[in-house]
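Handing you this structure, nothing more for now.
First chain written, first letter: the chains are A, B and C, and each begins at residue 1.
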Amino acid sequence: MTVTKQRNREFVRTFFTSPAAVDGEDTAEMARKASQLRGMQAPDVWVPDNEDATAPNMRDEGAENIVEVVSENGAEFPGEIHPRIVWHRNDPATRYRGLQHMLTIADPEDGAIEHIDGFVVPEVGDVDDWKKADEFITIVENEYGLEEGSIAMSVIVESGESEIATSRLREEVGKPSNNLDQRLFMLVDGEVDYTKAMRGMTPTGELPPWPELRHNTSRGASAADLIAVDGPYDDIRDVEGYKDRMVENRAKGQIGIWALTPGQVEVANTNPLPPESGHWFFEVDDREIDLEDDDGVQVYEGDRVSLEETGDGYRLTVGTDTHELADEDELKEALVDIASYVPSLGDIVDSMEEFEAAKEAGKGAIAMTQATTLRIDGVEVDIARDRMWDEATYQAAQTPINLFQDVHANRPDQHEELEELYGAELVERATQVGQ
Amino acid sequence: MTVTKQRNREFVRTFFTSPAAVDGEDTAEMARKASQLRGMQAPDVWVPDNEDATAPNMRDEGAENIVEVVSENGAEFPGEIHPRIVWHRNDPATRYRGLQHMLTIADPEDGAIEHIDGFVVPEVGDVDDWKKADEFITIVENEYGLEEGSIAMSVIVESGESEIATSRLREEVGKPSNNLDQRLFMLVDGEVDYTKAMRGMTPTGELPPWPELRHNTSRGASAADLIAVDGPYDDIRDVEGYKDRMVENRAKGQIGIWALTPGQVEVANTNPLPPESGHWFFEVDDREIDLEDDDGVQVYEGDRVSLEETGDGYRLTVGTDTHELADEDELKEALVDIASYVPSLGDIVDSMEEFEAAKEAGKGAIAMTQATTLRIDGVEVDIARDRMWDEATYQAAQTPINLFQDVHANRPDQHEELEELYGAELVERATQVGQ
Amino acid sequence: MTVTKQRNREFVRTFFTSPAAVDGEDTAEMARKASQLRGMQAPDVWVPDNEDATAPNMRDEGAENIVEVVSENGAEFPGEIHPRIVWHRNDPATRYRGLQHMLTIADPEDGAIEHIDGFVVPEVGDVDDWKKADEFITIVENEYGLEEGSIAMSVIVESGESEIATSRLREEVGKPSNNLDQRLFMLVDGEVDYTKAMRGMTPTGELPPWPELRHNTSRGASAADLIAVDGPYDDIRDVEGYKDRMVENRAKGQIGIWALTPGQVEVANTNPLPPESGHWFFEVDDREIDLEDDDGVQVYEGDRVSLEETGDGYRLTVGTDTHELADEDELKEALVDIASYVPSLGDIVDSMEEFEAAKEAGKGAIAMTQATTLRIDGVEVDIARDRMWDEATYQAAQTPINLFQDVHANRPDQHEELEELYGAELVERATQVGQ
C-alpha cells in the first residue's frame, strides 16, 4: 500500500453500494454477492455500506462482515473497495462508532485492509468536520503501522455546509495538521439527505434536481484534483431517466454516479464511454429526435419536420415554424441548424489523429467536417458542417478518451467486453491516441 | 423577551411588508390595517416597512407610526413583527439613520419593543457590514436594558457581496466579537435591487429568475440554521405565477416568500401546506396535465395523450410519440412512466405512520404503493407504482409535516381554517406523527 | 496614463481577439487589420492575442508585432487595447515567458504602451496565482517608470479554482501587498479550457452551457466592481444562437461577450442596446412568438393561438389549452397573461422621464401602462397592463440607459451609427435622462 494508492483512478464511473449486513441466516450474503461481480457489472468503486443500507442494530456485525468478505474475495475484486462507515457532523457518538468500525475493518491481522482502498464518510459538515474524519483515519493508520495517508477518504456531500466546504478544499488540504491532500478521493452527492438538510419539497415527493449542488461538487473536485460522483437514482426501473441524468451530469463535469443494483452498474459503466457508432438527430423545440440510418442516408419519418419542393424552392416545416427557402443552399443551411451528430469512439479517435498529424505538419488549427445525406419526406439533401479544431478543442475533446484509457488501464476484466463492443483494432488505437 | 425569542419559528411562509407611513390624514393607516390581519390573511412575519415602501422624507414619521401601531395592536398580532429600517452598505449616513430609527422604535417606554421580534436590515454588503448592523442592535439592546441578542436581525440579500456572504455565515457568526449567532433569523432575497446591483437586463424589463441566488441563499440558511425567504412577486394579479414561483422555491429549500398584499399572504400561507386531497397528473413534453377524478377513476380527455386497443395490443400516443404496446403489462409500464401523484396531507401522514409501524416491527425499508385506475379515450387501466421508503426517505418526507406542526404550534389563529380544510381528526394526527 | 485609466469603461460589450502573429509574409497582418476597425465593427476592447490564437513558436514575434501595430495605430483605435499574454497556473516557465512578453510590449521606448490599457492573463488559478500576475505587472510598471497600478489586468476564468477565486476578490484585492484593487478590470469566462479543466462532456462535443460559471463570474464582478465578459461563441455562422446567448448572459448580469470576427463584434456591440422600436409577443409553451405590427394593431396569424366569439363569450386556444371566457374582461385578462412587450430605447427614456417628473411632484410610485390592440383570427381586442414603478424599479431600469451613456461617452466613432438608428433627438434625450 502506497501513499498514492487512492490515485490509481482518474475517473470513477460507478459507485455501487451494498448492505454490509442484512437480515437472514447469512447476514453477509449481499456483500458477498457484490464482491463476486466481474466485468461491466462490477463497479469501479464498490462500497460495502455499513451506514444507511444496514440497519443500525446490525452495524457491528456489518463491520465484521466487511472483514470476512473482503479478506476472502478482495484480492480478486476488479474495482476499488471503499466501505462506508457511520458518521454525523452533529453527533459525536456516531463519529466515535465510525472510528470503532474502521478499527475493526482495518486490523491487518484480519487480512481485509490490504484490499481496501479507503473509507467513505457520510453526513460530513464543514471542513473542520472533514478534518476530524481525517484524524481518525490517521489514528487507524498509525495504530496498525500503515503509512500515513495511505487509506483514502471520500465524503458524501449531503448538507449545505459540506457543499460550501467543497469550495474551501484547495486551501485547506495542504495545511500541515491534516492529511487530506493525500487522502481525499471522491466527493459524492447524497441528494436524499441533502434534501432533508435543505428542507427541499416537491409536490410529488420526488427529489429536487439540485443542479447547483452538482455543479459545486464537480467544481470543488476539479479545483482540488478529486473525483465527483452523483448520488443514487432511486427509480431503478427507469433506465432512460438514469441515462438522462448521466448526460446532464457529464455536462457538469460529474462523470461518476451511484448505482444501487448490478443492472445500474452496467448501465453506468457503459454510458460515459463514446458510442460504438455515431448517429444524427434533429433538435426541434428543445427535443432530440433520432434519425434512422438507411445505408448512410439519415432518414426522418415523423411529423415534426416536413419538407417539400415548391415551384421556386423548398418549404421546410420545423415544429410549427415554416421556412420558405429560395434554393438548395438555403435549405442546407436551415437543415444544418437543426441537425447534430453524436460522434462514435472511432470518430473521436479519427479526429484526434487527424489533428495530431496536422500539428506535426505545423498547423495550429484545422477544420473538421461532419457530412451526411438527409432524407425527409422522400427529398434527399447533402449537408456538411465544419468545426475548427485548435489545441484547446483537441484537449477538451480528449476527456472521453482519457476516460477510456483510464478504464482500459485499470479494468482488465472489461477488456473482452470493450473489444466485443468496439473491435480490438479500435480499442488499441483508442488506448494509444494522445499519449 | 429571551435570547432565543427569534427562534420561535422554524419556518416562515410569509413575509408581508406594509408602508410605515403613507401620504394622507392618517399616515399610519396602512400599518394599522396590517396589524389587524388575522388567520390565513395574517403573515407569519409582518414587516412594517420604513425603507422602500415609505417615502424618504416620511421615514422619521414612519418610525413613530411603528411605535404607535405596534404598542397598540402588537400584543394581539398573531405573527412575529420585524420592522424594516434603512441601511446601505455604501452609505454611512443611511446606516446612522437606521440606528436612530431603531432607537426610536425600541424605546421600552413607548411599549412597542415588547411585541417586536427583530429588525430587517436591507442592502447589506459583505459579512463585515452585517456585523455593523449587529453592533448597532447590540447598542440598542444595551441602551435599553434588553438582553444582548434578544432582538433578531434579518437581512435582505440584494447584492453580489451579500450573496457571497451567505456562504461565510457559519464561520463568522460564532466569533466572540459579534452576536450574529443568536441574532440572525431570516435571509430574504431582494431581486429588484439585486438586479440593479448585478446590472441584469431582460428584453421586457421583467426581473431575471436568478436561480443561483435563490439556491445560495437557501444553502446559506441551511448551513447556519436560518430561514430563507424569497423576494416580492410584483405581478399581484398573477396568482398562478406566484404559486409556480413557490413550487420552484420549495424545490430549492426556500419555503418562505414575500407578500405584498393580504391576498398574496393568504396564497403563500396556504400553498406550502400539503393539499387537502391528492391528485394524479400526466407529464407530457415537460408539461403537467391534471387528470379529473371521476369517483376514483382518473380521467384524461385532452388530445395530448390518446389510447386505443388494436387487434394485438395497444397504441398509446404521448405528445407526438406513438408507442405500440404488445399487452396490458407494457401499457401499464408506459403509463406509469408519464403518471405522477401529488399526495395529500392525509396520504403523507398515512405513509409516515405506516413506516413508523414497520420500523417498530424491525423493518428498515418498506415499499409504499400508489395505485389508481386511469381512463383514457374510454379505455380503463389499473396502474400502481412502488417507492421504497427507508429512514432517509422518511426524514426527507417529514419536511412538510414539520412545517405543518410549526404552523399549528405558532398560529392558533389559523387552527379553525386548518380544521375546516383538513378535518379535525387529520389535523390532530398530523400534529402527532413523527414526534 | 493615470491609475484609474482602466476605469474608463463601466461596460464592455465586446472583447475581440485577433492573432498577434500568423503564418505568412506579414505575420502582423491580422493584428494590423483589427487595429483599423472603426464604428460598430470596432470592439470596446481589442485583444491582440499572443496566447491560444498564436502558434507557440511564433509568440516572441507576436509580442514584437503587438509593439509594431499598436505604436503605429494605437492612437487612433477607438476602443481599449488589452493584449493577452501567456500564463498558466501550473507552469512557471509559461508564467516567466508571460513576464518577458510584457516587458517587450511595455517598453516605453517602443511607443506602444501609451496606447495599451492593460493585459489579459489566461489560465489563472486561485487568488494567489492572480497575485503573481499582478506582481509581474507591478515589476513591469516599476522597471519602465510607469505609475503603479496604471496597467489594468483582466483574467480568463477557465478553471474551477479561478471560478472559486471570483468570490474571494473583494477581501483580497484590498490587501497592502498587491495592487489588484486598482488593476483588475474584466473577468472573462473561457469555456473551452474550463470544460477541459472540469472534464465536462456532451454527446455531440459541443460546449456545456455552464450557467453557474457565468453567474459566479458576474457576481464576482459585481461584488468587486469589475466587468464580466462571456467567452467565445464558436459557431460564427449561427448569429441567432449568438444573440440568444447574449440575452441569457444579460439576465445574469454578464453584459459583455467575446467576439471572434468583426461580424460578431458588430452584432455584440448592437445587441445589448435597447431596440429602435418596441414589439409585442405571445409566450406559448415557453416559446416566444412575435406579433406583426399592422399600423398599431398587433396581429397574430399562426396556429398556436386561436380565438373565436361564441354565442355567450369567447373561446381562446393557447397551445393545446382551451379557455372558455364569459366576457371581454375575462378575454382581456387571459390575453394579458400571454402577451408581453419589449420596450424600445424611446419607451425606456419616456418611462424614466415620466417617473422623474412624478418624483419631482412628490410621488414615490406610479403605474406605467403598456396598451395595444391585438388582432387574432380577425377578432380585435384592446389590452393594457400596468406595472408599478418605484425608486427601485427606476434604478433597475436604468441599466440599459447607463450602458447607452457609457457607450456614447466613450465611443464617439459610433455616434453617427447611433443617430442613424435612433435619431439625433432620442440619442440626445437618452444621454441626459437620469443624470
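As a working rule, contacts are C-beta pairs under 8 Å (C-beta built on N, C-alpha and C of every residue); 3 or more make two chains touch, one makes a residue touch a chain.
Remember, it's a predicted structure, so these values are computed and weren't measured experimentally.
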Cα superposition of chain A on its sequence copy chain B - rotation in ° rounded to nearest 5: 120
Homomeric contact chain B-chain C: same or different residue positions, threshold half: different
Inter-centroid spacing, chain C versus chain B (mean Cα positions, whole Å): 34
In chain C, residues with contacts to at least two other chains: 167, 211-212
Chain C contact footprint on chain B (complex, rising order): 52, 55, 126, 159-161, 163-164, 167, 192-193, 195-209, 211-212, 234, 237-238, 287, 302-304
Of chain C, residues touching chain B in the complex: 167, 170-171, 211-212, 215-216, 218-223, 247, 250-253, 255, 272, 285, 320, 333, 337, 340-343, 348, 364, 387-388, 390-393, 395-400, 402
